[in-house]
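Inspection log for the structure reproduced underneath, given as structure tokens.
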Amino acid sequence: MNKAFRLRAGTGGKGKGHRRTALLAALVCVFSVGEGVNTAQAAPKSLIYCTSTAPAGFDVALYSDLYTSEASGQMIYQRLVAFAPGGTKIVPSLAESWDISPDGRLYTFHLRRGVAFQTTPYFKPSRAMNADDVVFSLTRQMDKTGPWYIYEPGQSYQYFDSMNMPNIIKAVTKLDDYTVQIELNRPEAPFLADMAMDFASILSKEYADKLAASGKKGDLNMKPVGTGAFILTTNQKSVAVRYRANPDYWGNKPKLDNIVFAIIDDGSVRVQKLKAGECDLVRSPPLNEMGALRAAGTIKVLEQPGLNLSFFAWNMTRPPFDKVEVRRALNMAVDRKAIAAIIFYGEAEMAKNPLPPVGWGYNNAVPAPEYNPEKARKMLEQAGVKNLQFDISITPSGSLIANPKRLAEMLQSDFAKIGVKANVNMVEWTELLRLSRDKARNGLAMMGWAGDNGDPDNFLGMLFSCGAMDTVNNAFFCNADYDKLIMAARQNADIEARTQLYYQAQEILYREQPVLLMAYSPNTAALRRNIRGYHLDPVGLDFSTVDKD
Amino acid sequence: MRFIVQKILYLVPTLIGITLVAFAFIHAIPGDPVLIMAGERGISPARHAELMAQLGLDKPLWQQYISYIWQILHGDFGISYVSKEPVLSEFMQLFPATLELACCAIVLAVFIGVPAGMLAAVKRGSIFDQSAMGLSLLGYSMPIFWWGMLLVMLFSGYLGWTPVSGRIDLSYYFEPVTGFMLIDSLLSGEEGAFSSVARHLILPSIVLATIPLAVIARQTRSAMLEVLGEDYMRTARAKGLSSFRIYAVHAARNAMIPVITTIGLQVSALIAGAILTETIFSWPGIGKWLVEAIFKRDYMTVQGGILIIAILVMAVNLLVDILYGIINPRISKA
Amino acid sequence: MTDISQQHISSAGLRAQALREFWYGFSRSNGAVIGLIIFLFFVAVAVLAPLLAPYAYDVRFDNAVLQPPVWQSGGSWAFPLGTDAIGRDMLSRLIFGAQYSLFIGVVVAGLVFVFGVAIGVVSGFFGGKTDMAIMRLMDILLAFPALLLALLLVNIVGRGLSGAIMATIIAFLPYFVRLSRAAVQAEKSKDYVTAARLAGAGRFRLMFKTILPNCMASLIVQATLAFSDAILSVSALGFLGMGATAPTPEWGTMLADARDFVTTDKWWIVTLPGLAILLLVLAVNLAGDGLRDAFDPKLKRS
């Protein structure tokens, strides 16, 4: 199906020349002989990955969205440690090994030798990756007076900040060229997993110095240089991002020559193009297409339980939602069976805990939410709530819920059945973010949470601890007993003990009902049958082992 | 010549007004630019204040406006809050896609609309005239976003003849030379690329051409009718000129004046149409770009984008004015 | 001589005759009559919606989700035009939708007419600096394509049906101001105006009682155009997700919800709301053409 796919080397990026050609194009048709050389190999293997959204940039530490993570953090960069393929176990990556001091405050990483940074038209590395690069990559995000703390107007290292890293990390020190020590202010059990996350990607200090010297700091975000298996070749605005294999990659040589991230915003169109053979791989196809995809002979569907949760947060600071009976009654009014069928097409497991059952720590003893509109109505009456009106705030689209408006309309009619008037308030996502953090908010705010390191703290600690009320604890749930459990679990390295603590935490959440739980969406991918070696990862995306027949 | 200079001078205050309006609009839209940049994980109040200061958003509005004008005079339309790329460079990357689509649409509209309108005028009252004008009214009443969906459903969904969206089959790739895919695909020399581009262009062009086609056909017809009623046409007929000569040379030439004006005035309509058409067909042009920017509250992009578009519309209107003055010298003296 | 304007409006007999002439002109065009009939049909549907619709527009039938229309296999008389993605009756939603679209047309055309004419007449009549300032402002607004302007404005005044209506009104205003100003300017220098002025008629009287009625015909034709454009514009905003909020069955918003189904076989969800918009807009435009012909005998003959 793939026609001649050629890649022109030697034309990196899209600076001024691009602008000029566009201008000229409006007037005359200019024929310019491409300065690059055709490197058409015998049969280059290209994979077209169809995705919904273009990356926002390529310095992954500046962003926190999934699409930038995939297109930059996962394709181009690597970190000290990594998640094992298909799981969340921590394995060596740029660090070959590490030691943790008995008090849990000193992490010493021993770096891999001979890891080359990518050679691109805009940068040729003169040395291998070493401790300087690691120190640079992490300290730039915490050293407020440093030259790279702000290198583009308005940027911020939002992920690093939101993970509370500025307070957790005390210092990052180079012990020798291949040894780095990170000192923490207090023990932090999930720290090693944190270091596998995108924001901890290792950039080249040599490249950054060169950019700073030539006054082109902004290029760090536009023209990335990493150690990963693929090199960025072109970024066609809202059309496609193109990569080629990194010939100097330290690990097993990637089997594909080219990878294209094609940007197609409509989910059903992605599926159509997959069926037509234009796309090779689609992740998280719309749930209503799953049946047809499983039936299609040319397509293979991969599925695993997802490390995510969709839910709606109540505002526990605003009456009458401060009363647990009211929250319980309202949650009870929602017909989740209908939602499972109509919104999730029977493909997702409806949630009963705010922690998905994929990893460890899931408390299966917690009872499933009850549906009983009659009882709900009576409970509201008993609580003295009359003529209740509130908003269901959503965005036009979501990554876990494809069509939030449809879901909100279902909730709306369920609430109407118990005499509660809910308004669907559709706003763009920054406005939803503002609303969800607003303690004056009246009603529900849609939330989707995808775990990024597999630790239960990533859900239970992030979403419901008192300290997170300014960020992602948007139900404003603050419970002293709960916080004690979470803190104790954070400072304990023993999984067995932590599991018990998290079990208790989930029981408290069941009693308190701070949110209206929706579902754990499956982690799915649909691919052409001739694609081999692709495996689903709960977090991340790895093309280095993928091959195409 | 003085007429042209005068016209341009007249535009200066309007241009200043446009920057003021664009600036005012953007500042009237509620929302917080810093939160947009901060992303989904939020930001501490202290860092928020820092960023506001860094972007100059803590200054009084009039100061912000003056520095904005200063930037524009230097060709700097700001940097997108979302992509952190200069707005002008994003515009220039996406504009060829819109221009190519708009050119195809206008060619379609003119090459069908003008002959149809003329024929309808010549055969006034005939079945052709009635059905052409009926269709034109239908086109004029068309909600084009629905028309696009309908065509996609029929031709891409049920029949599978045309692609659903995009500009070219994903398996082709060549470096943009002109930015026009039709030309670039030929230059690339890749087999089948041109036809793939053409197949992708068909439906969006039809959708975007619908309303201009209807307007142009109607306008041509009434312009032609007016010309046919003039004295010199009767004279020409009396002189025994062949009917082809009469219609094609005398009448058509004179009827062209109002038609050219109409075509010029369609620029604004084309941009409005492009917003909807590009949204339906995921066409990577400025219409879709602006809608997304509005949705994401990417203030700088919206502000820069609408300013560029307003300037563009004005420039085309000026061009039409000048052209009109040249074709019809009576106007320039008045 | 002095009482021309009064004769114009006071004589009932003359008015009746004018109306008859108007109807004669209007009814000579088949299209106009058909347009009027379709339009009245939509009005009747909107008015009688609660009686005609089988269900409320927001009631869900969980076991009849995405049911096709009655004539297709799988359809049933319970839902003659099928159901939508969450099991609501399409027919009922379309019927109630007529209320919204007509409301939009009336409000936008009416308010644009009132404000546009007021501003335009003042501008055209006074001339000078007032005129200059007003027209400059309108020039500026006209530099932005109307849909883009409405798109921006709806984000300022707030999304939703009322926001979309307000935004559309402001976006359409410049066109109306320009038209009515031009009409007033054309009339201003005519003899009867001079006569009325010499007779000592006040400014206000001159503007709105002497000049305005004589420009009325073309303005009314424009108002019908504004009516149909308003329906298109507000439904386009709905389509872009900035119009009516859930569960309002506004047709443009229904189309926005139908986008997921374009590549599926659920054609009724995609087709019907748009067809309703097209029919209503076409009817209004047909009637508008008839109005123009009836008011303007010169154009009619050509």
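Think of it as A, B and C in the order they're written, each chain with its own count starting at 1.
The definition used in the following text is that a contact is a pair of C-beta atoms (placed from the backbone, for glycine too) under 8 Å apart; a residue touches a chain by one contact, two chains touch by 3 or more.
Remember, it's a predicted structure, so these values are computed and weren't measured experimentally.
In this view the innermost chain, defined by its CA centroid being closest to the centroid of all protein CA atoms, is B. When the C-beta pairs in contact are tallied for A-B and for B-C, the bigger tally goes to A-B. The mean-CA centres of chain A and chain C are about 46 angstrom from one another, to the nearest whole unit. Taking each chain's centre as the mean of its C-alpha atoms, chain A lies 37 Å from chain B.
Separation between the centroids of chain B and chain C, computed from CA atoms only, is 24 Å. Among the residues of chain C, those touching two or more other chains are numbered 241, 259, 262-264.
Residue positions 266, 269, 272, 396 of chain A are each in touch with at least two other chains.
Each of the following residues of chain B touches two or more other chains: 164, 295. Those residues of chain B lying in contact with chain C across their complex are 13-14, 17-18, 21, 25, 28-30, 134, 137-138, 140-143, 145-147, 149-150, 152-153, 156-158, 164, 222, 225-226, 229, 268-269, 271-272, 275-276, 279, 290-291, 294-295, 302, 306, 309-311, 313-314.
On chain B, the positions that touch chain A within their shared complex are 31-44, 47, 51, 54-55, 79, 81-85, 88-90, 92-96, 99, 164-167, 169-180, 183, 187, 190-192, 282, 284, 288-289, 295-297. Those residues of chain C whose C-beta lies close enough to touch chain B in the complex are 31, 136-137, 139-148, 151-153, 155-156, 228, 232, 235-236, 239-241, 252, 255, 258-259, 262-265, 267, 270-271, 273-274, 277-278, 281-282, 285-286, 289, 302.
On the chain A side of its complex with chain C, the touching residues are 266-269, 272, 286, 288, 335, 338, 341-342, 396, 402-403, 405-406, 408-410, 412-413, 416, 423-427.
Per the touch definition, chain C reaches chain A in the complex via residues 58-60, 62, 65, 85-87, 159, 241, 245-247, 257, 259-260, 262-264.
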